[in-house]
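Both complexes shown next keep subunit A, but they swap its partner, so subunit B is in the first and subunit C is in the second.
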Partner chain A sequence: MTSPLVTYQLNKTFGAHQALGALTLEIPFGRVVGLIGRNGSGKTTLLNLACGLLLPTLGTCSTLGRPSGELAAPELSVLGIVAQAGQFINWMTVAQQLQFHASFYKNWDQPREQRLLDELDLNPARKIDELSPGDLQKLGIILGVCHHPKLLLLDEPMSALDPIARQSLLKFLLDLVREDEGTIIISSHLLSDVEKIIDWVVCLDRGELAVSAPYDELQERYAEWIVTPASGSELPRKFAEPWVLAREGDSRRARLQVRLPSSETIAQFSAQHSANVIDSRPLNLEQLFPLLINERSLAQ
Partner chain B sequence: MLLVINHHCGVPAYRQIVDQIRLLVASGSLKPGDELPSTRALSEELSLNPMTISKAYSLLEHDGVLERRRGQTLTVKARHADDTQASKIEQLRRSLAGPVGIARQLGISPTEATRLFREMLNPPKP
Partner chain C sequence: MNWRVYLTLLRPWHSAQMVGLLFMLFFGLRMVVINLLGNTEGNALAGWGFVMPVIFGFVLTDAVRAPMHHPFGMFLPDLRRHLARWHLGTMGTLTLLCTGMIWKYDSALPPLTVAGIVAVLNLILLPGIWQVIGRVSQLFVLLVLGILTIAMVFPEELRLSILAHPWSIGLGAWALAWFFFHGVFSCRSGKRNAQIPYLPFISSSISTRKKAEKSEGRTSSKVKHPSPWTTTPSDGSLRAWLDVPHYVLTGKNLIGSFMPLLRLCVLGGLSAILFAQNDSGEIDRVLYRFVWFYQKPDNLIFWIVILNSIRTTGFLQPSCVYPISRAQQAKVHYLNFVIGMIVKITAIGTTFVLVAWFVANRHDWPRPMLGVVNLFQMLAWLFAVGSLLQGISLRYKIRQNTNAQSILLVLAFICAVIFSVFVATHLTFIFSLTGVACLVVLIATSQYVYYAVVRRYFRKMDFIMLNPSRSGSAP
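Presenting the complex of A and B:
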């Protein structure tokens, strides 16, 4: 299956500001991709490039097999976009906006639209300029998904939704993956929500790629250790091993975040520092996030 | 099928599925010949990407816990008694990693810890 989004040395510069620099990545088909990164890391720029709203400064970006600046009806009819700040025709009602939007698509799924209006609890009779930020987000979501997109791009789609609405949305997105057999890229700061549905992580840092990997691989790559000294000794202030990424605690007990090395390396570590690893636990996405960002800086 | 996925503990979803199915098989809740839900059905039930379910099922098939019969349906594979026992021990070992870590952190001696484990294994006194 063709990758739905491929970039090669993609650079986007706005005047003096480089939003993306030499970004090369290939999103695998059929995944639910979590696009994460600090504010200003280039996530929105990447999504806007992917749907052709921006053109590359250098390098290439291909969406659904076509250069992103040349997307035409065949690609656009299966591309879904949920922008961070939706742009609607404010004098319309929800129903009118939906109807207007639907008119552009041959395969608009009316039952899906109704189902979403019900599940997200959005009244179609309401006027858009009277909607709360949460309701506007709900509308943006419905507009982005009823044509059965093969590639769905969501930029911070949940920030204004209450916890119950977020749950509904997450569940729906997974139903979508199953039904439409497409790919979803979701950019969100709500890592504890997003980690419930993603199976691939793309992490950006200052316009460059920090990580692009299956989520379960990342979960298995890192761990948190509790380390105590062998009797009679003290733990060093700092562990020099490059795979020890963070350290907390004192000379008698440390909590380390590590990129798991081989068992031989772990044995060497214990011997060299006269230390025992008494516990090892996996990390969730919120905990992995700073490690992924820092790994990139280390690699430079 | 009663599987529960914890999304925040850092253990990959596919691994949780594999471990829980192994437990169901080893404990007899799933018997040889029992059919497992389709990838689609289970992905819907657990709210996971079908790819994740596929990965778990493939692993279990590869490990000989499940087999594909009649071309399509996944069923529990009958296993040799020794294999089953070894598998049970392995599962208990994995689930003890957490408590062992805690015992070490608390500085509880192996003797004391074993005594506690034995005490908890015995049925509660009426």
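Presenting the complex of A and C:
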């Protein structure tokens, strides 16, 4: 199966502002991709380009094997989009909106629609202009996933959801991956939630690619150490090793975030600082995110 | 897409309501035109060839355009093809219906040519170019109203033109209909017409920041901010109250500020076209009659009530959160209403007397006068009808940013027309002492009730409207 989203030297500018700069990226098929980055890093622009709402200033963007600006019925019928807001005809009821959307897809899954309505606790008889922001987001999600999309783009899908609805959504997305075997690209600031389902991380920083890698590989690359000094000594205030990326704690016990070095280097580190690494654990996405950004800044 | 979904999209009940209201609007307009020009000769062409197609087109266009201009419209597979197929069927049926009705009453007219005209007017509001700048659509609606007015004033002339040039008019009409239809439903135009500012992804932090940066750059040199409050808002002085309408009326963008002028220009242009149909002597005659028409209070009410209803709803916009108390806002609203009425009556009265004098002097015709009794009548009826309409707009929260604005407009027309008929048949009663006493009572009662409604509204309303698309029931 070809890659559902490929960009080459993708560049998007709005007047003098460069939103994306020379982004070359290939999202593998069948992955759940976490698209992370700071505000203004280009996540939404990338999603806009991927679904054809925006056209590249330079470079190419190919979605489901076709230039994203030329998506036609065959691609659109397997593309799912969950936007932040504004997807609805306000005077309709939830049921009418669902019926309207369903009429354009041959493979609309009614049982899935009903299951989601139940799980997300959304009343189909309600009018759309009476829905809360959270309910609107739920409806947007249902509209985006009931036609078994091969590529699902979710832009901040959980920002207005309560914790219970978030859990339901995450569970559903996991089921979706198993059932549809499609690709999901999810942009979110709720990293602790997202990390439960993603297996690939794309991190953008100021419009450029910071990292695109499997999540487990990143977890193997970085770790958090708990370090204590050998008897009679103290830990230094700052570690000079370039692979020590952050330090917290005092002279008796420190918490280090490190890019994992080789075993020889670890031995050297222990000997040089008279320190013992008493615990090593993988970093979660919330801890990884600032490290990835900082490391890229330092590299530049 | 199936017929059931398409029918849902057309909102049958809502559409039927709108068709009914618009039909009454044009019926009223035709009465006024007949009153103005003394033209009582109507025919099926004006009604079924011009008015009904525009009404059908106006109502159904919005239903079809809505999904195409929504952000999701670009992602639904073959949306435009499906909509084009169904809409073509609907418009075809309506064209056949209208043509059939004309054929029934006037079989001399060539049906293909008539069908072409009907088709154009069915589709004329469909192209998205009228929506490029929000208020341009209002101008366009005015233009359509102008065309309809001409069609209703000169139905016989139009009929003769069609009979004289059936092929050229027919071909031109069908070509224009194809152009409108293809332009709207082709895929290429789909992307062009997508309402980019409403697209969800676009409203991301980047574009928001960029917009903010742009707007900061602009405001420093070009954009005029609304005048700051120069008085302590809570002092309750007349100056503080007068600052509120100033804020509302001047705190708009540049285009917004000039739109009333543009609308007047369009109306003026249309009037000029209307008058240009006659020779110079006829223009004066029509103008003189026009002035007499305005001198009658029932007809003047018709226009002033509409203008005032639209203008004062500006105060109900939720964005206008004034730094004065709710009680003061009620007073401001009421004062604006009263002052607006008096100013308009005086201005229009003076204008029509001056114009009439000018025309009468040229032809040695009798000079019309604006009598005190007339002025008093106008005030009384305007306050009564105006208060009623304002009360309705307050009760149902009809604001400028709701779809209900058009309903208000239609309501104003209908009330004014019904009222005109009533006054025209009971005018002599007003000149009696009892009549004047009744007018005084009418003014006092209507204003007491209206002020009570205004106070209650401002005391109980939510200033933030959660669901702007609804005309809304009480919170």
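Some observations on this one:
The working rule: the second predicted complex is superposed on the first by the 289 of 300 C-alpha atoms of A that agree within 3 Å, B and C clash if a C-alpha of one lies under 4 Å from a C-alpha of the other, contacts with A are read in each partner's own complex, and residues count from 1 in each chain.
As a convention for this text, a contact is a pair of C-beta atoms (placed from the backbone, for glycine too) under 8 Å apart; a residue touches a chain by one contact, two chains touch by 3 or more.
This is a predicted model, so every value here is computed, not measured.
When both complexes are overlaid on chain A, the residue A:174 reaches subunit B alone and has no touch with subunit C.
Using the contact criterion defined above for the overlaid structures, shared-chain residue A:162 touches neither subunit B nor subunit C, since it reaches no partner. When the two complexes are overlaid on their common chain A, residue A:53 makes contact with subunit C while staying clear of subunit B.
By the touch criterion defined above, A:234 reaches neither subunit B nor subunit C. In the superposition on chain A, A:81 makes contact with subunit C only, while subunit B stays out of contact range. Using the contact criterion defined above for the overlaid structures, shared-chain residue A:216 touches subunit B, although it does not reach subunit C. Of the two partner chains, neither subunit B nor subunit C is touched by A:248. By the touch rule above, subunit A contacts subunit C in their complex via residues 14-15, 17, 19, 39-40, 42-45, 47-48, 51-54, 72-74, 76-77, 79, 81, 83-92, 96, 99-101, 103-105, 129-130, 143, 155. On subunit A, the positions that touch subunit B within their shared complex are 30-32, 170-171, 174-175, 177-178, 192, 195-197, 199, 215-216, 219-220, 226, 228, 276, 278-284, 287-288.
Contact residues on subunit C toward subunit A in their complex (touch as defined above): 1-2, 4-5, 8-9, 11, 14, 66-67, 70-72, 74-79, 82, 194, 198-207, 209-210, 213-214, 467, 469-470. Per the touch definition, subunit B reaches subunit A in the complex via residues 7-15, 40, 43-44, 47-52, 55, 97, 101-102, 104-105.
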